[in-house]
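To keep things simple, chains are lettered A, B, C, D, E and F as they appear, and every chain counts its residues starting from 1.
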Amino acid sequence: MAPFKDYTYTHFLVTSPSPFVAHVEINRPQKLNAFSEPVWREFATVFDRLSHDPDVRAVVLSGAGDRAFSAGLDVQDAVNSPLGADLNGDPARYATNMRRHITEFQDAIAAVERCEKPVVCVLHGISIGIAIDISCCADVRIAARNTRFAVKEVDIGLAADLGTLSRLPKLVGSTSWVKDVCLSARDFSAEEALAVGFVSQVHDSKDAAVAAGTKWAEFVASKSPVAVQGTKELLNHARDHSVAENLRYTTIWNAAMLQSSDTKTALMSGLQKKKPTFEKL
Amino acid sequence: MAPFKDYTYTHFLVTSPSPFVAHVEINRPQKLNAFSEPVWREFATVFDRLSHDPDVRAVVLSGAGDRAFSAGLDVQDAVNSPLGADLNGDPARYATNMRRHITEFQDAIAAVERCEKPVVCVLHGISIGIAIDISCCADVRIAARNTRFAVKEVDIGLAADLGTLSRLPKLVGSTSWVKDVCLSARDFSAEEALAVGFVSQVHDSKDAAVAAGTKWAEFVASKSPVAVQGTKELLNHARDHSVAENLRYTTIWNAAMLQSSDTKTALMSGLQKKKPTFEKL
Amino acid sequence: MAPFKDYTYTHFLVTSPSPFVAHVEINRPQKLNAFSEPVWREFATVFDRLSHDPDVRAVVLSGAGDRAFSAGLDVQDAVNSPLGADLNGDPARYATNMRRHITEFQDAIAAVERCEKPVVCVLHGISIGIAIDISCCADVRIAARNTRFAVKEVDIGLAADLGTLSRLPKLVGSTSWVKDVCLSARDFSAEEALAVGFVSQVHDSKDAAVAAGTKWAEFVASKSPVAVQGTKELLNHARDHSVAENLRYTTIWNAAMLQSSDTKTALMSGLQKKKPTFEKL
Amino acid sequence: MAPFKDYTYTHFLVTSPSPFVAHVEINRPQKLNAFSEPVWREFATVFDRLSHDPDVRAVVLSGAGDRAFSAGLDVQDAVNSPLGADLNGDPARYATNMRRHITEFQDAIAAVERCEKPVVCVLHGISIGIAIDISCCADVRIAARNTRFAVKEVDIGLAADLGTLSRLPKLVGSTSWVKDVCLSARDFSAEEALAVGFVSQVHDSKDAAVAAGTKWAEFVASKSPVAVQGTKELLNHARDHSVAENLRYTTIWNAAMLQSSDTKTALMSGLQKKKPTFEKL
Amino acid sequence: MAPFKDYTYTHFLVTSPSPFVAHVEINRPQKLNAFSEPVWREFATVFDRLSHDPDVRAVVLSGAGDRAFSAGLDVQDAVNSPLGADLNGDPARYATNMRRHITEFQDAIAAVERCEKPVVCVLHGISIGIAIDISCCADVRIAARNTRFAVKEVDIGLAADLGTLSRLPKLVGSTSWVKDVCLSARDFSAEEALAVGFVSQVHDSKDAAVAAGTKWAEFVASKSPVAVQGTKELLNHARDHSVAENLRYTTIWNAAMLQSSDTKTALMSGLQKKKPTFEKL
Amino acid sequence: MAPFKDYTYTHFLVTSPSPFVAHVEINRPQKLNAFSEPVWREFATVFDRLSHDPDVRAVVLSGAGDRAFSAGLDVQDAVNSPLGADLNGDPARYATNMRRHITEFQDAIAAVERCEKPVVCVLHGISIGIAIDISCCADVRIAARNTRFAVKEVDIGLAADLGTLSRLPKLVGSTSWVKDVCLSARDFSAEEALAVGFVSQVHDSKDAAVAAGTKWAEFVASKSPVAVQGTKELLNHARDHSVAENLRYTTIWNAAMLQSSDTKTALMSGLQKKKPTFEKL
């Protein structure tokens, strides 16, 4: 499929399988789609652009190749990051550099979460470390049956710091399970991910999973973008606020948004049983 | 069944199937129990009264008729609300009116949540839009097998603003599922609602579901009202506060409540294997 | 098994089934492991000590004897606590004493949560009241098939105030289920606890459950203690904070912790396919 | 001065000294403007109505007569409230009634704070107890030189529970001063109130203070009501939220409000050096 | 003056200048009342005991000798603390020890804040470093004119971590001033401390300041302890919570506390113009 | 003075009056230093760079020319921003664009706050609108006697949305004063700003004020950068968090930072009475 508009990137392939839907593929299959610093910096660029692109209403994210969604951190590259810096210097100054580095890295991964359009993440094959951090930022998760998941960081001697420990406990119901997989770094399967609610669909192959993700994105892209993007914003706000706070924020949000033509368009199309067309957003 | 005391209302039928249990039915079956402004204003009146009525210790909520718990917003009525106001005026003034209107509407729906007595919501038939908002305010949810659920607002061009987006993510375990149903507005079944934990029982018919809800309410109404109502308050507080905050609040709460005669009554009845009788609350 | 080091206590038996693993047994089987004031005060002492002991990297908690993990509050003892005080005095002064008492009691139970090392709680037999409060403080919960669970406090005329109402809603996915068991005080089984995600494993016997808990503890104890203990801290912090707050805290935490030798040790052992050895913590 | 529109009340006199300005006087001078239950219930009615009245853009609040803004709680009346109830009953049930009563009382006093229009409170003469609670809800405080202030509740054996302890620490700069006057219940003068920033103006007589308050209200009433009422809302929100939260809320608020015609009207009037006229709000 | 009851300590002198008032003096004048680890551990013991002692209703805190309230950290002693540990070990393990150490140190200083009885802190002479941390925990601050204040930590190469940076911004009105003195570590005088509201009284000598503090304590100790201690609790809660949260907490607090005999005693004494006598608390 | 390093910008002049001190001047005197979109975008660039520049330890910010620190928004430019967009389109889409625009504008202004080095803001001449927003982000504020301050937004028909309403209430002690100046948009003088604590010094001329700001920056730049920058971070964190949260964060922060060589350097220099030299940060 041809690239979408001029979305031409070094580490990502962006296509458009149908109107208003963008498909982003992590495109380093020879490296199992691992993330070096140039990769995650470009990752943020791609998603921050999709976020405001009026031709995009839903996004599918997957990995290129058959073997992995992503094998996580590119360890060879990490040697050149502050993580690999000489530790003989002043620990406070090392800590300062590390703090700045982690913050930038976290912000890049969070581009999926702050993308104003819904993102469905299709996991397949090896999906460990950063793969989990990224998928936790997506709105909906779908997996191929062969997915091998792991919150792998404990096995390289560190507590995960790119978002898994912050978001995973708020995405699934069983804290006993979350602590099990995070403290032990053990693998878990697509079936287990479905049972605990981490993913909401499992399909027999990567292709079937990508097709299901694309179908979901198409369905959502056919709805009012004012309604859909507002719903994403309000649900993300709800996660981190009390019910009272979220209700107050919702009220202010809709005081402007209910003035949209989309409500009328949607109601009329419903009555006339025809497909609505919404203005760009 | 005869009305409970003088609980006589236009849009609601209130009866008492057994001592200390009230059964509220949304009573507009010809309109699929849809909510116009007079309906939601009366709804708040009913639940605010039950909240302080010493003859009530548990409440069952269902819809009258076979077809629907509720079809949500009464769209014809909405045309006369600020939602249907002329949009040619000043957008800031429109927004101000809308803000006041949404706030009042939210407060009316939340009467179920702030009712001091446990409320079990029995869903059946069409249960969309406001039906979801209301059921999210209840303590326990039970469904008939024929229930058709949908967070329907996206299909009428708006983000749900009466509480579903605020509360649903805190009621069930899988955020992937919550975002799926909220962003797509798709239907889901009673079985699916059970699997994700939104409801905790499914029964074969509306009658069986109402019977189960009533039985649960009777069981809870037989317990110490000081203990039961305190438990509801502390659990609702827990949802929106850290563990440390909730423990501190609990301590202050029980500093008064442990002085109740109910503790002694409950302990004695336990030892003597007889049914306790508690003072009104 | 011989006591671990000089961990000799009146109400608890502490052994070490394998290196860096401590096994704590509540040791009042003749009282169904019920908690009197001396028991919970000693309980805090044991866990606060394990928390800082460099020879401990994971803890298993179970009850002695075949009948119960714990039957909860020792009611006979409670008569001598502020709970049993003469109520004819000034209610404000009674409330003040009660407030101080509950706070100390809560702090003792929370020793499991503030223990810096992961704690796996193995439930079996009667596990009601305080048993639930304690297990909610553990990281991972495993149950024997014969476990009889109940949030029992409503049946003795009070709202649970030692932590169950604060923590349980944040440990499992279905609020409808949480409110059901907390408001009704009904029993629930190990299978039900597994289905809702309260426990993450069920085994056929107490012995099998303890063995599984010990195996899990051994596995985790073989990992970097810097990584494991950091993961516990960050997950506990995540429960009570927004994602943004937790990410910020994580950044500061790892700014120091990534300077550890454990990362290098873990990476090297991985490459060399040998078992890593980490410094004490 | 004639009553404003049909604002005719038993305990309050409402007049309009100039367009868009309402002046509310507590009108029980023979009782030193003390608050019985009917008084505070009517108080809430008055301010909730002013809040949405499009003919009002600013409010002045003072007390009728020369002796007092208000002497606080009407103690004789309080005997008939839950505060005076027979204490021989169950302490938990007494506490429940008291909790409901205090909540309603707090909500009534807070009507000044939730009034969408700025309220300037002019204090004079005796201003103790509830007088302080009320004035803490106002936006701007002005005092006559003869004002005698006191956070008086400690002297009647209770901690103030209608808002002074919640709001006063956030209204003035010196916590050492706040704790001094709240713990000791001592009197303080208008000069002292000015020095610590509790009031922002002191005038030589009640009449001069009322005149100054009215002048301030007139000045503010001449500005864009969209701008002024938005400023009050955002400042009240700021008090209870982090800077980041308030900025986010502000953004959503202004996304609607900047569409107002008031901005154009204000800019044009500024350029043309003429007095702007704004639509009602 | 003879020690108060059996309050006999190594580093503190505790006397009782009048009924229900305790006076604590930091008693290391030869070390300028500097804090070594044994000093701060004993400090916590003293205040935690005063907190629950029914014979104490108000506390005065000052330093022994003419030269200093306290010169802060005992630097010689600090060499033996984790602060002085060999830095050649693993930085993550050093950080872990340091974290535990700082937490314990903070908790000891905070004993003044969690003391349920009001504490008036009388500053005089050298009052730097920990002296500021401690005084920020007190309720009311009074200074002798010769006091030399400084938030001194920047001058020893560290950010203050025992509470000054947490509490000082919430105690005084001008953040520009707070940042000035904290970032520059410069000295400031009693007059300056009064002008910004850090202290609420300045007296010409240490003796006069101690006398004023004692007089304040006596006055407060003559009031209802239920009212005074509740007021301290609610004001401390207010600092860290929104107005809505504090009002809710206040309601629950007073639901128990308004049942006290103190209200009746206070009202009666007021009517009869005689000095009330309250039960111990 | 020559530009500092290669800090060459269109709208800002950056010089270095002494080692480790940078002086930023808003350099559009002919426009009264008003902010157009290119100006605020460059503003963020300058401060984000200073934040991480190891040659900078303190920053002075002032306006070029004699007439104004800044006259606020460049109104002519604003016509081309979303603020000036055609309002005939869909209000929801207008609101979306406006929301994105305000967020970016807020983030640019906040660069002063997130700058890791202390910033002293020297106000002089006209200082209205954005001038107040910016100065509220600085750490210390100093004014020339001729400064004319105003929170001017109400006069152009909008509620201030770039930070003044969020930050000003947390910078000064008197809320009555804050609401007065924000609701009325009236001018206030340097003397008044000093009296309420908004600025901490007033000088007779712009030159004297800049000199005082520079002297303060030099003094702070001579201290340990680990200590100074940590102090700024912890004080900024304190503003938006409870004392308990800030203490916990502080502990983690210092667990790394106390390993710095700066502590030793500072202590030694103190003992040896010589000027310390610290490594870059």
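Here is the rule we go by: a residue touches a chain if its C-beta (ideal position, glycine included) is under 8 Å from a C-beta of that chain, and two chains touch if they have at least 3 such contacts.
Computed from a prediction, not measured in an experiment: that's the story for all the values here.
Shared contact partners of subunit B and subunit F, listed by label, are A, C, D, E. Matched by residue number, over half of the contacts between the chains of C-E recur in the interface of A-F, chosen from A-C, A-B or A-F. One copy, subunit A, sits rotated relative to the other, subunit C; on C-alpha atoms the angle is 120 degrees to the nearest 5.
Look at the contact of subunit D with subunit F and you find different residues on each copy: under half of the numbers used there are shared. Computed from the mean C-alpha positions, the centre of subunit C lies at a distance of 49 Å from the centre of subunit D. One simple way to say how far apart two chains are is to compare their mean CA positions; for subunit B and subunit D this gives 35 Å.
Looking at subunit C, residues 87, 91, 95-96, 170, 172-174, 196-197, 226, 239, 244, 252-253, 255-260, 262 sit in touch with two or more other chains. Interface of subunit C with subunit E (complex): residues 52, 90-93, 95-96, 100, 226, 229, 256-262, 279, 281. Put simply, subunit D touches subunit A in their complex at residues 249, 252-253, 255-256, 259. Residues of subunit F that touch subunit D in their complex: 75, 83, 87, 91, 94-96, 98-99, 102-103, 106, 153-161, 163, 165-167, 169-170, 172-180, 182-186, 196-197, 239-241.
Across the complex, subunit B meets subunit C through its residues 118, 139-141, 170-174, 196-200, 216, 219-220, 223-224, 226-228, 230-235, 238-239, 242-244, 246-247, 250-260, 262-267, 270.
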